[in-house]
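Shared chain: chain A. Partners: chain B in the first complex, chain C in the second.
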Partner chain A sequence: MTVAKLFRHETILAILTVIAMIVLASLSDKFFTLDNLLNQGRLMAEVGLISLAMTFVIVTGGIDLSVGSILGLTAILLGVFWHNVGLPLPAAILLAMVCGTFAGWVNGLIITRFSVPPLIATLATLALYRGLAEGISEARSVRGYPEWFFFFGQGEVLGVPFQLWVMGIATLIAAAILGLTPFGRATYAIGANEVAARFSGIRVDATKLWIYTASGFCAALAAVIFVSRVTTTRSDMGTGLELDAITAVVLGGTSIFGGRGTIIGTALGLILIQALKNGLALSGVKGDGTIVVIGLVLIGAILVGALFDRNRGG
Partner chain B sequence: MTAAALSPGRSNLHRFLSGYGQEIVVLLSIVALFVVVGAINHRFLSDTNINSIFAGNAYIAIAAIGMSMVIIAGHIDVSVGALIGVIATIAGTLAVSGYPIWVAWTVPILFAIAVNAGVGTLVAYTRIPSIVVTLGMLSILKGGLISATAGEWISNLPPEFMIAQMRPFGIPSAVWFMVALTIIASLFLRYTDFGRSIYAVGGNMEAARAAGINPERTVIGVFALHGLFAGIAGILFATQLQVIQSTVPPNLELTVITASVIGGVSILGGTGTVIGSTLAAILFACIGSALIFLNVSAYWLRAVLGLMILATVLADMARRRRAK
Partner chain C sequence: MRTEQIGDATASGAALPIELRAISKAFAGIKVVSNVSFDMRPGEVHALMGENGAGKSTLIKIMAGLYQPDEGQIIVNGAVVRFPSPKVAHAAGIATVHQELLLFPELTVAENIFLGQTPKTSLGTIDWTTMRRRARELLDELDSGDLDIDQKVLHLSVGNRQRIEIARALAQDARVLIMDEPTAALAEHDVQRLMSIVRSLRRRGVAIVYVSHRMPEIFALADRVTVLRDGHLVATRPISEVDEPGLVSMMVGRSIDRLYPPKQGTDGEVILELSGVSHRSVVRDIAFKLRRGEILGLAGLVGSGRTETALTIFGITPATQGQILIDGKPVSITSPEAARDLGIAYVPEDRASQGLIRPQTIEENIALANLKRLTRGVFVDAAKVAAEARNAISRFGIRARGPEQPVRQLSGGNQQKVVLGKWLATNPRILIMDEPTRGIDVGAKAEIHLLMRKLAGEGMAILMISSELPEVLGMSDRVLVMNGGRIVGEFDKEHATAEAVGTVMTRSYDKEQAA
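== the complex of A and B ==
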């Protein structure tokens, strides 16, 4: 596959994003202001971090439906460790993130060791992790975090929201790993043909285990930022986030069958979705109307992708 | 129904037991639950509680029948909860707007069949995985429902509309529906050409095609049928309480999928029965109720469900490995 082909979808997507931005800017004069764009970046970071790991997951031909629940569980544990157990907040944050990462590792273990299809494994843990969050919290929220904690979700560095920096750096790291390293090539190889990858000496199970663990870690990191941004923990946090992440990844040109996809595509997908959400809201479409648009965009994007594949004779 | 059920040269009883292994396990679990929880708290066995377990959850079992067919065919539908919410709202709106009751019952069901036939067509002809199509459908239905109703409840429903509350021969009509539809669907899956083609397509699509089955048509048909069952489930859901909340019932799709899987429908497609999924739906309802009677906080219900799916799936995979 040549570079030109690989970038075709991304190019179309970039043009689409620019068109969407121009249209949205003409619909509302508030859209194309620095304040609004930075604020949208703030809102994008949580889904964004999860989408980066989700890109790896989907490139291997897998899926992770449990990320929203891992986010909720991590958020609840953070609150419980700090408020109920009485740990110092930094320790509570670290410990909660370890638990979230562990939850991702458990997904990987179920998928690799027991050969459970990822869709089913993570559907089960979606229920399990959310259930643990609900059971542990008993629907009570934790508030009253110290002021310094709000930096992660509300602070700025050099005028840019803190989490946008995190998101930017994470995007670069993810793009480098997927595009330039043997690990990235193994990820593509597994998605293209798992059996062939195994026979070529690629450590398929270890690679997948790393990827699902990373997915848990990203969800846990997003949880900390989320809690810091909204200043409270609730057990229903992150519900449905997996759909947003999968939409961004698939919209970004990653094949749901695995083997194909890029981090740049995912980043563009994220920006397009966030721009649509924000722009439509500013032009007076109510919040729930935008969900419809995103559903339509998702199906439309995959439909177009499937037609392209067919024309290529694939 | 597993491959073992079809293999010759075994005694009828053994064949029956191995063919319905999962169903029997679920049935025994229900019985054990009633005995144990009933012994601890007699009120668990009271008429009102048993009534609420069966009648209140029949719509889940009915939706699980359609879901089982979809999963047997090798697909999945994560939008069924949203669809049921939409159906209930359409039915309620029609009923309070003065349309004849039969219109309020049938139009939403036709709508559900049409929506799912559309999903099936996309899945069958574009080869987009059903999980993605139904994820998109979930957003569309959920967003559409909330923007159309603004979350307003529908009340003052006409009494003759409330089909789920009717009690022919002293048994709630929802239970009649559940039993009748389970039997009809079982017979349909086992003894009709179309029913058997569902297993064939889920087991091996190319082999099914080679055997003269049109897999695309089968997939569309399965999704349309799933729409029919979801439609009936939606009407029962709409008519069991005095108000319709115009929202998507939380976790409904998960509960429905779980019922199918625990009832013995292999998530890899090709095997399973709807008797199993109905029994599993009843088992969940019993567990949910038992937790309350055992003074376990209802907040743990979902964690228990999650553990159960996980355990069942792991057991399914282990059994497959042994079978190899």
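== the complex of A and C ==
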């Protein structure tokens, strides 16, 4: 895959993002301020972390619908381990994250060991994990976390929100893994032709298991940041987050059939969506209108991508 | 030769079901068919031959109305016609049986035969009675009365699906039937059946354009043969005037003295040994030894367990019983990566689905089996990958723009060389080649045979599976024959004759197994 080809969709997306920024800045003078942009970055980080892992999942030709529920479950466990079980908070955080990661590993196990299609496996665990979260929480929320805990979701390092650092580093790592390592090569190969990948000595099942586990881990990490940002734990946290993540990944040019996609694309997709949400809101567009615009942008981006694909084929 | 043939066609007059005169067709400025004339007589089988890229597919697509020629005329029954769409070509009596069969799996046999031309009752609803009766009749005519017309096509074999496509063409009252590589995906007994169907169609006066690489079929069926090379007509001749070496040299434009490279003596030490290896009930109690520098042919019918044996050695379907020894030491092969690390390479039978990742580039494909070696630190070394790919391109003469060309754009022969390149880059000692030249043109086939012999000469142990008996006999130093999941015969090169191997391949062992 040449660099030119790789970046074609991403270039269009980057141009689109810049145009959107300019238009939004002209609509509202509050949009293009450093404070607002950094704040938007803060809001973007949770979906962002999940989208990074989701890119790997979708590049293999799979899907993970359970990430929102894993986030909810991790958040609840964090609260329960600390508040009800009485563990020290750092231990509660770690243990909750281990549980969230484990939930992702279970997804991977169901998909690889029992050959269940990812859509069905994670649709089932979407319900399962959300149900567990609600059962464990008994519809009570947990509050009163100590002050230091809010650093993850509200603190700043060198003037930049903490979670934006996390997100930035995670993006670099994910881009390096997908683009430059044997693991990334295996990921693309599995998505493009799983049988040929297996026949080439690629460890298909192990690779997928790692990816779904990483997806669980990212959702768990997002859960900690989420709880810290909103200072409360509730069982309905993260509902519908999977769709936001999938939207960003697909807008970023990753093929839903697998085999194609980049982390840069996903990052651009995320930024474009967040800019539209925020900019339109600031310009006085109601919530429903924003969703319509995002839907239209998604369709437009995919049509343009399909157009390029046709020219490329043959 | 050409003037003669055109003279012939005009003499036989207006009754020709189709005639092409001086057809040319270019894509993006490149002429793929240039000034080709071709005609069909009623009730003849006319073989159309040529290497991949010679222009066969373009020519039959022009006849089928899929492409419009840039120059030249199409004449049907003496009148100049145009085929702006496949529908118009159908109406003119021209039907195609495609290489990849275009049937609807969820519909029944009868529905598939009459799709788009369903008999109607006076009320305008489907006339099921007539449809089923006509479907029955058509299949009976094709000696396929055993097909259940109410069965869904989904579970039918390739051979049966092909008969349905032929019935569909007959239902359209086709006068010209274009068959594109009709036997490429068929098992041996289906090939025999297809040949008898072709003969019966010829008796009914249908003209059959028969595109195939397989010489035995051409000589058994064809009345005339037309050879194309690089988009040009080489010649059209009655089959009685040509022989196999003659046809090959017409296709490749040079004479190939020997179809197969000469064999060398082999008495290297045993590298691979199987004893009592089984996988479920498809591979049973297999025992053989493979030596350095030897090409061991594995013959048998489709489904006899040859590929399954290879998959067991390669770790895709690990052995459930028995022992595999490499250099005399027992090994456990439970995955393809384990097999690769033991120096086993497997070039699979199905390039498109098992051998290659077709949307990816040559270098990505070649790197895939060698990622460990091509990695520096934690990152894939892009320079090493490119060097490896360029090396393979020059070593195997892969015709490509460069390492970054997607493999789906390459011809079959070049794709096969990429698969070989990928596996030879792993430095294997044991090379398993499953149908090494399937769907490859004559020139590339000879190159691959030469390469196999050269590798064996350098000490590689090669296990070759092939459904083409001439290939097995021509290439192998020793031949094993499989039947019903077992090895049922072994021949050294002196005793491996077509009759001897063929007999053991096709014998029914049911009685012995029951006893």
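Methods note: the second predicted complex is superposed on the first by the 311 of 314 C-alpha atoms of A that agree within 3 Å, B and C clash if a C-alpha of one lies under 4 Å from a C-alpha of the other, contacts with A are read in each partner's own complex, and residues count from 1 in each chain.
Simple rule for what comes next: a residue touches a chain if its C-beta (ideal position, glycine included) is under 8 Å from a C-beta of that chain, and two chains touch if they have at least 3 such contacts.
As the structure is a computational prediction, the values presented were derived from the model and not from experiment.
> Could you tell me if A:L119 is touching chain B, chain C, both of them or neither one (first, second, both, neither)?
first
> Which partner chains sit in contact with A:L298 here, chain B, chain C, both or neither? Use first/second/both/neither.
Only chain B; A:L298 stays clear of chain C.
> Taking the superposition as given, does A:P182 touch the first partner, chain B, the second, chain C, both, or neither?
The second partner, chain C, only.
> Which of the two partners, first being chain B and second being chain C, lies in contact with A:L128: first, second, both, or neither?
first
> Between chain B and chain C, point out the one touching more chain A residues.
Counting contacted residues of chain A, the larger count belongs to B.
> Help me check something: in the complex, which residues belonging to chain A touch chain B?
Chain A reaches chain B through residues 63, 110, 114-117, 119-121, 123-132, 134-135, 137-139, 243, 246-247, 250, 256-257, 286, 288-296, 298-299, 302-303, 306-307.
> Using the touch rule from the top, collect the residues of chain B that touch chain A in their complex.
Within the complex, chain B contacts chain A at residues 76, 122, 126-129, 131-133, 135-140, 142-147, 251, 254, 257-258, 261, 267-268, 297, 299-307, 309-310, 313-314, 317-318, 321.
> Provide the residue numbers of chain C that touch chain A in the complex, in ascending order.
Residue positions touching the partner: 316, 335-337, 339-340, 346, 348, 353-361, 364, 367-369, 371-372, 375, 378-380, 404, 409, 422.
> Which of the residues in chain A end up touching chain C in this complex?
Of all residues in chain A, those touching chain C are 1-2, 176, 180-182, 184-186, 188-189, 192-193, 195-203, 259-260, 314.
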